[in-house]
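Here's a structure for you.
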């Protein structure tokens, strides 16, 4: 278990640009503002989406597309360092006109219709993503 | 992109009244306590629900009802000003006895069975909802 | 309505142990670190899950199992006191390889594949779970 105590840094609230890529927009904001660790939540709508499911046996992400406009029910994630750059890890839940819910790991290729986001920066010991042998995933290790 | 830095204001944790309207209860608390900007998360259960999906082409919300008791898997949203009053924007995910998940934009007409809520006030430049031509939605603009 | 104002205590970010029980791992961390009130959010993946739905009429939780590896789309909850011990109340949303979403009240018996968690401690008047007659649930009362 790696569970560190952090000080709270800056808090940001606002909206991301229409038609921007959801994952890339968040990552870009963090890179421009020097946010290397934090958590965020977002809601809104997307024009379509690329999600993924991690196959725990084959140890590969299997991507799938959602090719219609959807409500963004919840998008939750965190920011940490990988290869020295802030990267975003997020899971996204979407819903259609009848409330049916489709969810997964957020991938690039998800264009924003509207997105309201709250970002909380954290300050303290870096968390760095490096390959984990047990799961095959890029998990957090102490910097 | 409008993404401002805020100071953290007051933090509230507790539960909303049984049989109260979910959206109106949160809005009422914010109005009574002078919370004009913030974010919140809630969990619990509802007796039934009114949700909506925004049709990005026709630019209208299409409402739908969930006419049975459901778990409130996640209710996430924010508080900001519209026409000078604090209003709530929230998305709600619900689940039934087999775990099937129905989600959407929270509308009035969703009676609470039990609801535990955390509200974080934010202090700084107001975010004000006004009509956005690109999306047809009441999005945030600088006050 | 019981909705108190709190000061923000410690903030923790990190990951829980592979194969640990999701609910018990969070509760254990809180007990070891003296966290008696707070909120948390987590994302990751589980090897399987035990969820429940509260039947509002019969006033019983009805459990059900999810017997396959799933993405942990969102896990949200809070920590408060029951019988003098910190306990966790959480709702969990999961998704499979096609994005289908299954959600419910988190029960013991949900083994972690990978789990990244943010915990925010709150300081102030205790919230204590005691039986509520109106709902049959262990709801919050002032300590």
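Think of it as A, B and C in the order they're written, each chain with its own count starting at 1.
One rule holds in what follows: a residue touches a chain if its C-beta (ideal position, glycine included) is under 8 Å from a C-beta of that chain, and two chains touch if they have at least 3 such contacts.
Keep in mind that this is a model prediction, so the values were computed, not measured.
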| item | value |
| --- | --- |
| Category of the chain touch graph - line, ring, star, complete, other | complete |
| Shared interface numbering between subunit C and subunit A [over half = same, under half = different] | different |
| Separation of mean Cα positions, subunit C and subunit A [Å, integer] | 21 |
| Subunit B, residues touching no fewer than two other chains | 8, 41, 74, 93, 101 |
| Touch list for subunit A against partner subunit B, complex | 8, 10-18, 20, 25, 29, 41, 43, 45, 47, 69, 71-74, 93, 95-101, 113-114, 116-119 |
| Contact set on subunit B toward subunit A in their complex | 1-8, 37, 39, 41, 51, 53-57, 62, 64, 66, 74, 76-78, 89-93, 101-105, 122, 127, 132, 134-135, 137, 139-140 |
